[in-house]
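Listed after this line are the structures, all set down as structure tokens.
What follows is chain A paired twice: with chain B in the first complex and chain C in the second.
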Partner chain A sequence: MLGLKHSRRGLKEPMTEKRETYDVTIIGGGPGGYTAALEATGKGMKVALIEKERVGGTCLNRGCIPTQCLLHDVMAYASFMGYEFIEKDRQSIKVSLEKIMERKNQVVDLLVGGTEKTLLGQGVSIFHGEGTFQDPQTIAVEPSKRVIQSKSIVIAVGAFSNPESPFEIDHQSIWDTTDALNMKSLPESIAIIGNEHRVMTFADIFHYLGSRVSIITQEDRVLPDQDREISSRYRKVLKEKNISLLTQTRVTHVDKGGDGGSVELKMETKKGIQSLTVSKVLVPGERQANVKGLNLEKIGLPLKNGSIPVDNQMMTPVRNVYAIGDAIGGKYAAHKAMVDGSGVVRHLSGETIRMNYNLVPICLYTSPEVASIGLTQEEAEQRRQDVEVGYFPFAAGAKPVIFGQAEGIIKVVFEKKYGEVLGVHMIGPQATELIAIASMGMGNELSLDEMKEIIYPHPSFSENFLEAINDSLRMMKR
Partner chain B sequence: MPVNVLMPKLGMTMKEGKVVKWHCKEGQQVEEGDIVAEIETEKITYQIEAPISGILVKILIGEGNVAPVGQPIGIMIKEGETFDESAMIVPPPEVSVGIAPSETRIEVSSPPSDQTEIRITPIARKIAKEKGLDISKIKGTGPGGRITREDVLAFAEAPKEVKVPEKEPIREGVVGLGAMMQVTRMREIIGERLTASSRDVPHVYFACEVDGSGMIGFRNKFMEIVESTVGVRLSFNDILLKAVATAIEKYPLFNAMIEGKTVKIHKEINIGLAVSIEEGLIVPVIRRVNEKTLRQIVVDRENILNRAKTKKLTLDDLTGGTFTVSNLGQFNIDFFTSIINPPETAILSVAKMKERPVVVDGAVAIRPTLNLGLSADHRVVDGAMAAGFLQELQKILEDPYLMCLV
Partner chain C sequence: MLGLKHSRRGLKEPMTEKRETYDVTIIGGGPGGYTAALEATGKGMKVALIEKERVGGTCLNRGCIPTQCLLHDVMAYASFMGYEFIEKDRQSIKVSLEKIMERKNQVVDLLVGGTEKTLLGQGVSIFHGEGTFQDPQTIAVEPSKRVIQSKSIVIAVGAFSNPESPFEIDHQSIWDTTDALNMKSLPESIAIIGNEHRVMTFADIFHYLGSRVSIITQEDRVLPDQDREISSRYRKVLKEKNISLLTQTRVTHVDKGGDGGSVELKMETKKGIQSLTVSKVLVPGERQANVKGLNLEKIGLPLKNGSIPVDNQMMTPVRNVYAIGDAIGGKYAAHKAMVDGSGVVRHLSGETIRMNYNLVPICLYTSPEVASIGLTQEEAEQRRQDVEVGYFPFAAGAKPVIFGQAEGIIKVVFEKKYGEVLGVHMIGPQATELIAIASMGMGNELSLDEMKEIIYPHPSFSENFLEAINDSLRMMKR
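Let's look at the complex of A and B:
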């Protein structure tokens, strides 16, 4: 009797459940997802976007944007304190952690709100909840019980951070990046684990706020994906800031029983076992596709090395199911996810796309900034004939000197035969802005000649890029 | 300014093409290089790309209709431009057969030869210039169809031949009991053409037996000379081709086609050799067989069959045939006939040569023999003429040295 009642209710359910049909459904409203959604409505498609938290993804809510906001504020303070032409009583000037946190939250709210408004304004239907595959063309949204039918589905769920062993995030003394972004008080000392860009960004935030910072990495050099020259300059910068860099070091044991909640780390180093006591440990962790709850098993889509496998048209092995951004691995960057998002829509509208990940700029927003695009000198020498480099030191530029930011270089790696620019690497002021000039030039395959032909304003930081091109042209004639 | 989407000329002999599918609708936006339509000639299907980025404003030739080479089949404008249909001058569709393509060609508004209009990156231009490549022939895959470094390098390495026919994959399962397969475009065309021939052409069939010892002796005699001079083995196909051409010279009606109320006898004897490739049946054509020495035929036949195997045949290789030979000698088949390949007049079917008992001078002897089947169009030739042709062929094949007399 009970069984019958239950099954009758089961039969009734689909009738009350709302079914909606779309051309494309995007799971995840981060930079990849919202770019895809906007491009798709622009092409006249009917678009659904499923977001389980707020739109904007990791980048906007707990990644690049809040991090940069904190970084900006602490560096504004550091610059101000560094200006000797402003007479000040150092004792009475300090940065308010509470206020910079408040401003950061306002900035995030403003940008999230703006993104959501834009999406709705362009006719994207936003579904709040968690998307779960029922079949390759059907997604159920929990808990709202809405069911979406879609010709194509784009997985843009991003990645989550998985702390490497032996760390376990307790949000007390072992932090993830979200804990650091929402801290109530400044730790006296902090150890940051890893070597990539998030590590360096947080190292700067804590350094400028006044913490003693140690970076612990198993790699043999800082920023291992950057050109060696840039990496070696960055090592010097860390040293000048008194940020301690422990390379080829692995934490083997974490002891949280110290006085006043301090943490003792046991580490294997080249010189043997060492230990370090800090107030907090920040573990940015390794990025892995955030597929929990998607029910990918249901559509027979397995992960590969923690990421969703796709072909060069961003299609997964399951027909009409696509994946983009951090969920597919590669370079973890918001702007790479955006390129994916616009690429997948071009594919859906019938184009054959060709993703070129060689020209994704890599940016580090610390002081000084680091930015690069294309091949490092080492990579270029392995792959091409007759590789040469040109330089310009910011110390010789007018605007960097005026700004008191005259440290660093622009390095251009090129092939002599056609003057083809293969890579541009910068460390110094405005590097993350200047790299866009290189990105535009290289993306359009301009040679050194054409890059020289355009007019750069004077005085400007950008004219220093021209100087690096001029130096390259001199080297070419040799 | 409106730009015409034209019916392309894909080969020397192509006069017209049929629009089989439009990939976009009127008013649809397309990027330069996107596939806008699919056309079909007698032999192949071909995808037409958008000549510019913009909007397809008008479809002039609908699906299923035929247009001569060079005729606009659609009109495109750039985004932001307006299109005034009343001001449009559409040349009347030219349908009569026999007018040379040059006479039907009309002015086109987008001459592709001006190199300044081609979108190409500076690095790609430098590489193309150094390598001496014609950039108007390179297809760009960069943003907006721009030619990139990679495109130039790929073009420099690619073989120059037009690749036809494109292999179409079987969509569902392999051939097997209970399997379902998509009919490929090629099978579809073969089907349409042969059904039409079988339905419209009154076939008449003849058969005869040939004593193959003459061919074997002839082949053995010249094999070494031919191979040492041109590096290719003399095959029975080569002897067959030359023999057929020789017989046609005596019976020219077998080189004819019927066009309404006229029978046109072609000047050139171009013999197609039916070849089975993975995707289906194709008939590459060896031209002016009667004017060529056996040695030239050997080389031409080898080249064209190689192109067929490596899928590098051009449309010209597949068109202009005036007679077809289908040789199934490698199969253990004693006799067969074929359906005429329109608009030709006849097709010769050659079965396996094997030893059989025959009567020679009143006694049973063992001889290598082969059976020929001839299918002829009864509208063009009568039985007596067909019999005469086949008998002439038999005579030449039994004593191939007769070919030297003509």
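Let's look at the complex of A and C:
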């Protein structure tokens, strides 16, 4: 039958049996990809989504979600052990590593299933396999051999982690984050390499489980992307937890010893060469665009500094080929990818979009939490005149005191003349939730006065944000 | 010396030695009063604050704060007992009633001390004693006999609880909320009379401590001020907890028996007369303006329906005498009083204020939490055309699933034409915090589109609000 049709048409190009045509095809089903897919079906587009593993991407399958699940469980244990108002036989209470791993897997499975169901329910066609460009409007899916034609293609392949020299992940002594997320037994001690949010999150997990933790970074301070004051408070917290922080330190040699039981690290420090022996080393690695197999050469799309270059409408130098999320670099955060995903679809539906990465909240879910949006005080002072700051210490808040979580601050960076809020930085309870209030205000260009005008519940953590606004207004009027 | 000065002046009015003059005098140091005091000093006014007990009012001394402290502790216990990933000898783990009471008292003392210190630090003159009007600009403080003259006076005396018939609080078998907050032993069973937020909060405290709880209300549904759907979900939650809910039921007789060990209640129900025997009865009572001792007759200021009448600038019929907070009735909430306190000071400093009680968040801190702002669906449909609703079920959210708190919904009530948000109603995790995001948006008249535009962290509870907005936008465009 098909053969007959074939011959009748007098084809100019070879016909492929399973060729299908879509308005938009998204390669990669992580937060950026699935957000784009749902937005696009919402706008009536015919959408294909290609995913080589399970939908959900790094974030859901081996990133924030499983990590936070473990973090929740170990912190639930730690909080409980601190409650003096509950009588307990402390020796009889233990976190079961097996059960927290099991729960983590269940949570991930549930959310992956839910995401896939939502995508299918909204009419997204999911293709399982690896997408490879044949031309800028054609993707072949391996190994199914299906070929997809699409008016637009969105590359949302995310990033992979590349261990920095001299480390080589052997999954035995030298772990990547996936190894840590699936460990069968707790290492007595662990060194974690780097300085960003994943490093701090794993440091907390291992610390609360009972490992001796060292963080090794070449930078001169912890959380270098955060406001200096927040970073300095975080350093103190690490010290209180007895987590060892080695700054301006570079590992030069890794010696795995003979028995596999420990690893010796040789390090260059300001004080000269030092060594550290640990049970395991965790190397979260550096994130690089995950373009392997895409065949970008075929469409003439070279990487730039390890990322896919795009313009302010998310378009690559190749017409109608777009890229979003971790694949284009910048701030590696799931919600940044989601914003890209939403933005690219709005562009495709004819809007001129305006991506504003200054207002991406940056969140660290450890204890205490850290969250920030906008400019740090240093950045603000470099760019603007008349910069002032307002504070609220959680110690003065009713809800933090009730919850026994009365440490940390909210810091508001603003411009004195009109009360324009330039940045909000928090370390303390609920920071990663409270930042959304600041985001709602700053994203809609509300002034200090307008943020004060609304009604915050009492008692609540959110009213502490109001207190920081009030303090800012007092500083402004002085 | 004073005598000499006295005679030199040739006084027109009798001079009192301790007479002092202020820009504004506030009677009552609760949330409304202390907020007004701090706002007023912030604007450079000379402020007196009269308080007959400790600053902090009902909320801080015997209301939300101590109640939430107990609630936090019993829920911390209940959550922990539900964590299967923690191995424990369940029998050995017990809440210590003595210790949670002790912690509650410490929290209250700390916050009262902090509030007083802040007031004094900002230059507020605190007078301890009972204020009595001598004329509309003169207050005598008993028993210190000090006399305060003031350009304006703000009555912020709050409300007291009046037990409804046939109950008489004996502090033995029939408790008020203060008795419950200071109990020495846990009643085996307790009946709680009424239907508002305090009732539900105490129901949770007693339930999680292990009492058998009955709620008796004359209303036909629980939380009658909430959206009907939220109320109906809350009823199911009570059922799951085995908290008995008797609606359309009126207690007609109270029989305290002979030994003081139990109370028998005779009740009129739809099914006829029934009886219930319990260890204790808790009667939160009805709130009425706490004007005793103020001597309002002296200045010709009569109550209206048990509250002090005010106009939209918070002024009573007596010139330069204002009233705020629970004393003027309306929604009994600390943050409503705080908004009044802030508003009245802005009026005094020359602004024309516009009190909008439609956007007071209403919060219930139980498990699950309930929070709402703006119109319920029923109210919206009565007043507006083209009302539509959007939903997000917490079961579909990453953070709720991670936290094992994936029950409940966020419901957005909006007007379809322009996407104006009319009300937001939540039952589920973090509802009392998330409502502040809705408050920031609605208070600044942001549309659905504008609320969607901003960046919410992933994963977070706050992004669930975004999902409810997204669902609303889908409904709007259909």
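Please note the rule applied: the second predicted complex is superposed on the first by the 458 of 478 C-alpha atoms of A that agree within 3 Å, B and C clash if a C-alpha of one lies under 4 Å from a C-alpha of the other, contacts with A are read in each partner's own complex, and residues count from 1 in each chain.
To be clear about the criterion, contacts are C-beta pairs under 8 Å (C-beta built on N, C-alpha and C of every residue); 3 or more make two chains touch, one makes a residue touch a chain.
Note that the structure is a prediction, hence the values are computed from the model and not measured.
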item	value
Which of chain B and chain C A:Gly350 touches, first, second, both or neither	first
Partner chain(s) touched by A:Ile230 [first = chain B, second = chain C, both, neither]	neither
Which partner reaches more residues of chain A (counting touched residues only), chain B or chain C	C
Partner chain in contact with A:Glu445 - chain B first, chain C second, else both or neither	first
Which of chain B and chain C A:Tyr418 touches, first, second, both or neither	first
Interface residues of chain A shared between complexes with chain B and chain C	443-444, 446, 450
Sites on chain B touched by chain A in the complex	31, 34, 121-124, 126-127, 130, 141-143, 146, 148-149
Touch list for chain C against partner chain A, complex	31, 42, 59-60, 64-65, 68-69, 72-73, 76-77, 79-80, 83-89, 92-96, 99-100, 102-103, 107, 110-111, 114, 118, 333-336, 338-339, 359-361, 363, 371, 396, 398-399, 401-403, 430, 432-437, 439-444, 446, 450-451, 453-463, 465, 473-474, 477
Residue numbers on chain A that touch chain B, as the complex places them	350-352, 354, 418, 420, 443-447, 449-450
